[in-house]
Amino acid sequence: MDCHLDIFFLEAVLNGLLLAGLLALLALGLNLVFGVIDVVWICYAELVMVGMYGIHYAHKGGAPFLLAALLGILLVALAGALLHVLVIRPVLDSAPINQLLVTGGVLFFLQAAATMAFGIEFRNIGIRLGSVNLMDMSFAWSRLLTFAVALGGMLALWLFLTRTYMGTAIRAIAQDRQIMPLMGVDQRKVYLVTSAIGGGLAGLAAALMVLQYDIYPQIGLQFGPLIFMICVLGGLGNMIGGFVAAFIIAQFIAVGGSCFATEWGYAIAFLFFMVAIFIRPQGLFAAKS
Amino acid sequence: MIRFSPAAIIGIVALLLLPFAVRFFFAASEKYYLHLLIQILLWSFIYTGWSLMGRFGLTSLGHGAFTGIGAYTTVLLWNFAGLTPWLGIPVGVVLSVIVALLVGYPCFRLRITGHYFALMTLALTEFVRLCIVGLRDYTGGSLGTQPRRYGDGVSLYAMQFEPDRVLSYYVALALWAFGIWMWLKVDRSMDRYALDAANQDEDAAASVGIDVTREKLKITGLSAAMCALGGAIYGQYQMYIGPDTIAGLGVSLNIVFAVIAGGLWVPLGPTVGAVFTQLLSETLRVGMQGSATLRDWLGSAALALDTAVYGLLLVLFIIYMPKGILGTLMEWRGRRKRIADTAAVARTG
Amino acid sequence: MLALANIDAGYGGFQALFGVSMSVNAGEAVAVLGANGAGKTTLLRVISGLLPAMRGEMTMEGVSLRVIAPHRILETGIAHVPESRRLFPRLSVEANLKMGAFVPAARKRFAERLDYVYGLFPRLKERRHQLAGTMSGGEQQMCAIGRALMSGPKLVLLDEPSMGLAPVVVAQVFELVRRIRSEGYTVLIVEQNVAQVLKVADRAYLLEVGRIKASGSAAELLASDEVRRAYMGI
C-alpha cells in the first residue's frame, strides 16, 4: 500500500470527481424510471452496452462521432420504450420482485445477443482526445468532456422536469398515481415517455463511455451493480440523492483504487454501501417520513 | 417422519438405479450423461437451498456470494493450509452463515424488503466477487483456481471423487435428497407458517407474537449454509472454481431464475428448474455442434445462444407462467381433478 | 348536462352502486347526501372514469362517458376534486395548478386561467412557490379546487370538501363552494355535512347503501323527517 497525501492522491481525488459525473448520469436514468414506474431495470447497464455498440458501429460505418452519438442515444431511447412495452407493461400488476427479475432475463438476453452479434473481443472506437497536464497531474480530455456533458445532461433533464407539462406530470405521477386520469394524464403515455428518456440517458452515458472504455458484451456487469448501489444509497427514485451518492462512491473507487488495487477500490465502495444502508436503510438522503 | 408415497418410492429406486441404466443404454458416452446428471443434482441442491428463503418473499441476489464463500474457503484451506475438505467445508459453511447473519440481521431489523433487499444482497455478491478477484495471489483472480490433487484417483481424505463418475453421482444424489428433505422439513415446520405470515403482513405477524427477525434469520442461515455446502461440493466435483462459475452476480441470477422457471412453491420446483436449464443449454450446445450452418453463421459466439434463449424464456416465464413449470403443471392437474371430481359428484348425485 | 341511468358499479366482487339514476342540469348545484359507505365517493369515481361502471348509461351533454378512456373524461368538461384533496404534496402550488391544465386545450390558456384562479383565490398566489403538502387544510382545499378549475370545466365534482377540516375552516370551504357556484360552474357535491351542504345546493339526492332513496329540492329535503332524523340528529 502506498497512500500519501501527495499530488497523486489529489489526482486520484480529482479523477474520482470526474468519474462521479458519469456515475451520476448513469444513476439518473435508473432513478427516473424507478421514481415514475416503480420498476428497477436490472438490465440498465446492458442498455448502455447496446448504445456503445450502436455508436461504435455507426462511427465505423462512416458517421461522424456526433452523429453516431445521436443515433446511439435514439437507439437506446427506442430500446427503453420497447423494454417498457414488451416486458414491463405486462408485469405492471405483478409482485415487485417479478418486475425486477423480468428485466434480469432481458439482461441475460442482451448480453448473449451482443456476444453472438459482436463476439467477445474488446472493441475500441479509436478516438483519442489526449490529456491535459496540470502540475504533475494528468487528466484525460475524454473524462473532462464526460464530466461536462454529464452535468449538461442532468441540467437538461432538470429543465425538462420543471418547465414542461410532461416533465411536471412525470414528477407528479410518483406522488399520486391514481388521480392522474383526473388531470387528463394518460399514465401509459407518461410511462412510455419516461422509459424513452431513461433509455436516452443510458444512450448519452454510452456516448461518453465509448470515449473512455473498451466495449465488450459483459461491460454491463462492471457498471450495473455500481449503478444500483448508487441509486439505493441515494434513495431509489431520488435523483438528487443519487447525484450525491455518485460522488461519494466515486471517491471510494478512485482513492481506494489508487491506494490499493482497482478491485479493492470497488470492494471498499460496496462495503461502505452495505454499512451505510444499515445506518440509513432508505438511503442516505431519503426524506424523513 | 416423512412417509413415502408409492410414486416417491418408485422415483427413489429409479434414481438409485439410474447410473446402471446409463451404463446399459449409453455405454459409449456414459461419462457425459453422468456428468449431466451430476450437474443437475448439484445445482438442484443449490437452487433448493435458495428457494427455502425465496418462497417467503426474501428474494436474495446474494446467494452467489454464499456458493462462492463455500467453494473458495474449502479450496483455499486445502491448497494453502492442507486442511482436509472434511473440515474445510464446515468452516466455509460456518463462514457463509456468519456473513448471511451479518447482512441479514440489519436487513430484517430495518425491514429492508423487496427491491431494496434484492439490491442489498446484490451488493454482497459483488463484494464477495471483488474480494475473490482482489485476492488473486491466492484465488487466481478472475481466472479461477483448482484444488490441489491428492494422488491420482479418488481420495476420501481430500474429498476428491471426481475421477469416479458413478461415485460422484451418488454423492450428488445424496446431497440432493438432503436438500429435498430439508425443504419438506421446513414446509412442515411451524416456522413456515410464521414466515408465510411475515411475508404477507409483517406487522400482523409481529402482533401475534412471531419474532419476525429471528424467523427470517433462521431461514436465511439455513439457506446460506446449503448454498455454501453446494458450492463447496460443486468445486470438489469440478476440480475448478472461478469467480464467474461459482460466485458473482451471474450465479445469483441463475439461481433465482432457475427456481422461478421450475416453480418456487413446490418441493421439486428447483429441481425441475435445474433439469430445464441444464437440458436447455446442453441441447442448444449439442444442436449447435451438429449444425454446420449455425456454426458458420455464429462462429465461436454460438456459445452464447443458450444464454440468449434462456434470457428470453425467463422473460416469457415471468410474464406468462409466474408459478414456473412444475407449479403450473400441478395447478392444471389440480384444476382438471377438481373438474373431474365435480363431474363425478354430479353423476352420483 | 350530466345524466346517469341505472348505473351499477363496484370493486371486484363487491357491488357499491345499484341502478343509480340521476341528472345535473347546467347551472345547478346538486348535492348527494349519505352516510359513510353509502357509495357517494364511488358515484363520483364512476362519473370521472376512475372506476368503470358495470352496467348502465352515463352521458355528459349527450356524449356517452362509458366509452371514453378515463383520462379523456376531463375533456368533456368534468373536473373532479377528489376526496381528501389529493394534491401532489411535493410539487409547488403552481406546479399543482399546472397539472390541472395538462390537457392540450387548457395548456393554450394556461396564463389566463392561472390569473383567473389567482384572482379567485389570492391566497394561492401568495403561496405559489410553496410545496402544496406544507399548506394548511383549508388552503389545500383551495388549491385542489383551483387545480380543477384550471382546465376550464363546465361541471365540478366535489368529494367531501369539508372532510377532516376544523369547524371554522369548514365554513370557509362552503364559502369557496358558494363562490365557484356564483362563477357559473355547475357543481355536483358529495357531503356528510348535510346542514351546510343543503344551504349551498339547489337539489339533492339521498344515497343509501348504493341506492337512491330520495331526491328533491334542498328545501324539501331539509324539511323531510327522514333526512332530519338520519343525518342531522334532530
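Points to keep in mind about this one:
Each chain carries a letter (A, B and C) given by its place in the written order, and its residues are counted from 1.
Quick note on the criterion: a contact is a pair of C-beta atoms (placed from the backbone, for glycine too) under 8 Å apart; a residue touches a chain by one contact, two chains touch by 3 or more.
This is a predicted model, so every value here is computed, not measured.
Here the chain at the heart of the structure, going by C-alpha means, is A.
Compared with subunit A, the chain whose C-alpha mean position is the greatest distance off is C.
If you compare A-B with A-C, the chain pair joined by more contacting C-beta pairs is A-B. Once the centre of each chain is set as its mean CA position, subunit B and subunit C turn out to be 56 Å apart. Centroids of subunit A and subunit B (each the mean of its C-alpha atoms) stand 31 Å apart.
One simple way to say how far apart two chains are is to compare their mean CA positions; for subunit A and subunit C this gives 43 Å.
Within the complex, the subunit A residues that touch subunit C are 162, 165, 168-169, 171-172, 175-176, 178-187.
Across the complex, subunit A is touched by residues 48-50, 69-75, 79-80, 82, 86, 88-91, 95-96, 98-103, 106-107, 147, 151 of subunit C.
Of all residues in subunit A, only 34, 40, 87, 90-91, 94, 96-98, 100-102, 104-113, 115-120, 217, 221, 224-225, 228-229, 231-232, 236, 260-261, 263-264, 266-267, 270-271, 273-274, 277-278, 281 touch subunit B in the complex they form. Against subunit A, the residues of subunit B that register as touching in their complex are 57, 59, 103, 106-107, 110-112, 114-116, 118-120, 122-127, 130-131, 133-134, 248-250, 253, 256-257, 260, 298-308, 310-315, 317-319, 322.
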